[in-house]
Amino acid sequence: MYFHIESGNPKTREQIRRVFAEAYEIGKANTARGKVADYIPELAKADKNAFGLCMINEEGESIAFGDSETRFSMQSICKVVILALALKTKGFETTFSHVMMEPSGDSFNSILKLDTRSNLPFNPMINAGAIETVSLLEGDLSFEEMMAYARSLCLDHDICLDEAVYRSEFETGDRNRAIAYLLKSKSVLVGDPERTLDLYFKMCSLSVSARSLAGLGLVISNDGIDPFTGKLLIDPEHVRTIKSIMFTCGMYDYSGKFGVRVGVPGKSGVGGGMMCAARGPMGIGLYGPALDAFGNSSGAVKAMSHISKELKLHVFDY
Amino acid sequence: MYFHIESGNPKTREQIRRVFAEAYEIGKANTARGKVADYIPELAKADKNAFGLCMINEEGESIAFGDSETRFSMQSICKVVILALALKTKGFETTFSHVMMEPSGDSFNSILKLDTRSNLPFNPMINAGAIETVSLLEGDLSFEEMMAYARSLCLDHDICLDEAVYRSEFETGDRNRAIAYLLKSKSVLVGDPERTLDLYFKMCSLSVSARSLAGLGLVISNDGIDPFTGKLLIDPEHVRTIKSIMFTCGMYDYSGKFGVRVGVPGKSGVGGGMMCAARGPMGIGLYGPALDAFGNSSGAVKAMSHISKELKLHVFDY
Amino acid sequence: MYFHIESGNPKTREQIRRVFAEAYEIGKANTARGKVADYIPELAKADKNAFGLCMINEEGESIAFGDSETRFSMQSICKVVILALALKTKGFETTFSHVMMEPSGDSFNSILKLDTRSNLPFNPMINAGAIETVSLLEGDLSFEEMMAYARSLCLDHDICLDEAVYRSEFETGDRNRAIAYLLKSKSVLVGDPERTLDLYFKMCSLSVSARSLAGLGLVISNDGIDPFTGKLLIDPEHVRTIKSIMFTCGMYDYSGKFGVRVGVPGKSGVGGGMMCAARGPMGIGLYGPALDAFGNSSGAVKAMSHISKELKLHVFDY
Amino acid sequence: MYFHIESGNPKTREQIRRVFAEAYEIGKANTARGKVADYIPELAKADKNAFGLCMINEEGESIAFGDSETRFSMQSICKVVILALALKTKGFETTFSHVMMEPSGDSFNSILKLDTRSNLPFNPMINAGAIETVSLLEGDLSFEEMMAYARSLCLDHDICLDEAVYRSEFETGDRNRAIAYLLKSKSVLVGDPERTLDLYFKMCSLSVSARSLAGLGLVISNDGIDPFTGKLLIDPEHVRTIKSIMFTCGMYDYSGKFGVRVGVPGKSGVGGGMMCAARGPMGIGLYGPALDAFGNSSGAVKAMSHISKELKLHVFDY
């Protein structure tokens, strides 16, 4: 029996398992070169040496190594859930009349372009774009509804709010407050800034594992369909949009490099998580809180490079 | 017999021809909404209503409509040739120690980030990046050698220098001079600024047709191999890099939108050309000098949207 | 009897009165070329054609024309009061460890430099600088104490809070909120952002007249001493600092031009007020809510040009 | 006999001499804290410990200490000569239709605002502004005529071109080339970029001493009149303009602080020179090639602070 990764290059289950085992070793070895985020105090408590990964395919088979069940906060990876939710609730046109879809070349928390180039945030993967997107939803959806959607997308019904992280986000979220009020001052932010920020901080504080992220990657790589229930969770056209934006904007200032070197749509978070939606369909979740200079898990980047190369997952290896 | 566009969704030759015919009509109708570039005086002489497109597949079959043989200057599309040449001549590591591979979110001719974020140009598809890349080659290659490489990549041995455009570029190229000297002042530019600029202006002035661009797209989509001679023109790993960078940075400030809406690696030029490397393998060249606000041919963008949608060419439709 | 404007060029009281009468006519005629501020809705209610001016000298003699008693909100002119209060309460070193004293070349409400050049606001005359300065005082002084100081500096005990303007400021102050939270996120803002903003909005909403501003100008031009009570209100060294900063930063993006053309330390506000501290000592207050493109009262700028030229008040005419 | 510094506070010649002697000691002691400029190789050859100052009054009396006769290149101080020459040759309106008069808040060699805020350089004291101003004159005046004007303004007929510095400027002037070509690309630069740059580099390379700078300061402080010949060298209205611009923009990013702490119109250069036009009239020239972080002579700033404080030269001490 084969994993359906690449029709022209079938690999046995054992070969695939070996690739992930090697990737785990590579990633684990690279944790030493990273640094745990500390700008949100609660994040600083993570174990710098932790590393884990998990792959799930459409038949429900999974391969997991290391700290694949450890819980951590979703952080920026929630931006993918928020974007999916906005597309589902408001549609493509409305969503993208509030946020653009261009890579910005600036830091994820930059205010610069908002004040010089455009009133609209450059894309939904930077803080300004995600906050704007949440503001679109703020009047329609409760946090519980948003969390429920995150649970279904991640194929993980145990996802819940990490209260300690949420409080830490709330207390140290002044830069995000600045962004929200700047958007409000430009009449771009739709809802109430404080309620919007509260929802955003809560979504960032959802507690996931590498396995949950593999689930999210699987649904996205499976055209938005939960392969186990057959339920359509994201419209396939929206999936294409989400993948494209993840490809161009998903890895902070390393997005271009990740596109060249790994070539798989992915999204990382400063909590140490990384989620990739690879061909197969196949979802890959990684966790390593030691971050590189770009804010991506240093182990996860190296591990994904190995996996993409060995399994020929680069989208331009078609 | 079938065009091998999509294994799961074969189309007859006639169906494919009809898609291109429709795309031609859509593109032609959209020329009215664009504006011919005039910042280089020679470009302003183009026929605003001209429009043409050409597709070539690996078996040498082609479909062409409208002004598919009209000659125009390559402009920014030469950046793809320059990048391929740098990768071939200097290798991946050396090339990318001189230019980054991140989308910038700024205009193609911006100086801003060079003076605030990084001494290295953000990517090889903006002017600063292309000029830097040419400077790497300036000591090793003559213009004639560069043109010869462009001819082979485009499967078009009639490509030559448009002297009038070149003179016009040279005379009005002060912003590019500013970029070259700024790079020199940072010890980033490798070669002589004036010789570098001369080569860059000449490469921008290479005279191509929609058919030549289809040739270039075909070679790139065929993993760098000329399908008719079997000759390897670009290393397959370099092809992957080029496609990734075209995907994230190929359409100026519209790159993100093009990635979402069309989803095919492409590159446009202010001369009105657009080149796409689609699955198949299939090369598509388009020409329409009436440009939209982003500097892309307004007809070509619309035509490619139609083609991508009908033939399911979006890279995330896998 | 003479006004002591210029030892080498004494003018009779009548000559001086004529200069101010001419200035009034010039300023009044120029109101037609300006536009009342409307970004704070309450400001939009001002009479576009209103114009008035008032001069007071150290002997208490005053010359007034037009709407010199009309009340309007102080707006940015309160930044001078705030700076004086910070220097008095915290001293020079502490104050300027929180805000720089460099002209910024950007708009009064810009966020740009805060995010690119320096964590400290460039000077106390831009919003970020004034908000930071208020934050320094927030724990020590109540609004009532600040208003009391404003009253004594302006020689006007009728100054009170314009509740309607304050509410309007509060409701539309999102950009200032963004600035405060950005400063907080950088650990630069000292006090509580909301209490700081409340104080700042209240100070901006103090209701003054051209006569009150003439009073403020007189105290500043008289080395910080109330000429009628002899009381020292601002330390003379602080007065020098305040005048220097008014000279380089007092008139928004027109500060350099005002320095060349008028050459008198001054401060304007978008409520239409302008306050100048001229040699003599002499305080000049002007009011004209029709603003020019820089945000200064268009009538006041022209009137002050005339006064400075005729009475030789330019500081570099020594 | 008295120096006429301050009518209300006459000092004996001996008292004044002592102030300058103290200032020399303070300045000399501060050279240790600075660093000689090395971005132009020729400048790096200066003696880090050198320090000298010279004061000249309208009666031709002078006080000099230390390296007051050492020759060094004028560098940015030539911007004052260039501005005076443009005002004389082209008049106020024409000159300021090509360059603004606002402090920029950016580095002297910044390109940022040129590409984001305004096509016109912010003021004639930054490189872009000085280059633009030279371009205005390039068609009308030869270098010899410009040098002749510099000689007369500095009361020093021995000023000549330092060929070694000029060659060094020329060879390392790529950033200034970038500025010139950017201005040209915006159709702002009037003359030929290369000829303009050549003139600018030559003016920067004029060889002066602290005594020459004292001469320049004296002429400016004496309303543009050479006190020894009675000849009008700069129109008094232009002098006022020059002093105002020196006050707001003369000391790079330290201009605001210098205005507050010293309060005398001045201009510094990276060659280590500083020129001040103080009341009296009195010209003060200083030389100390060890520069502080802002690019001003660290000894000269400290020495001028002492002189201004002791002799009450601050313009807002009137």
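Each chain carries a letter (A, B, C and D) given by its place in the written order, and its residues are counted from 1.
To be clear about the criterion, a contact is a pair of C-beta atoms (placed from the backbone, for glycine too) under 8 Å apart; a residue touches a chain by one contact, two chains touch by 3 or more.
From a predicted model like this one, the values you see are computed outputs, not experimental measurements.
Same-residue interface: chain C and chain D share over half of the residue numbers found at their contact.
Of all the chains, the one whose CA centre sits at the greatest distance from that of chain B is C.
Taking each chain's centre as the average of its CA atoms, chain B and chain C sit 56 Å apart. Distance from the chain A centre to the chain B centre is 31 Å, each centre being the mean of its Cα atoms. Taking each chain's centre as the mean of its C-alpha atoms, chain B lies 49 Å from chain D. The residues of chain A that reach two or more other chains are 116, listed in rising order.
Every pair of chains meeting the contact definition is listed here: A-B, A-C, B-D, C-D. Taken together, the chain D residues at the contact with chain B in this complex read 110-112, 115-116, 172, 174-175, 177-182, 184-185, 193. Within the complex, the chain A residues that touch chain B are 100-106, 113, 117, 122-123, 239-241, 243-245, 247-249, 253-257, 259-260, 263, 265, 279, 314-318.
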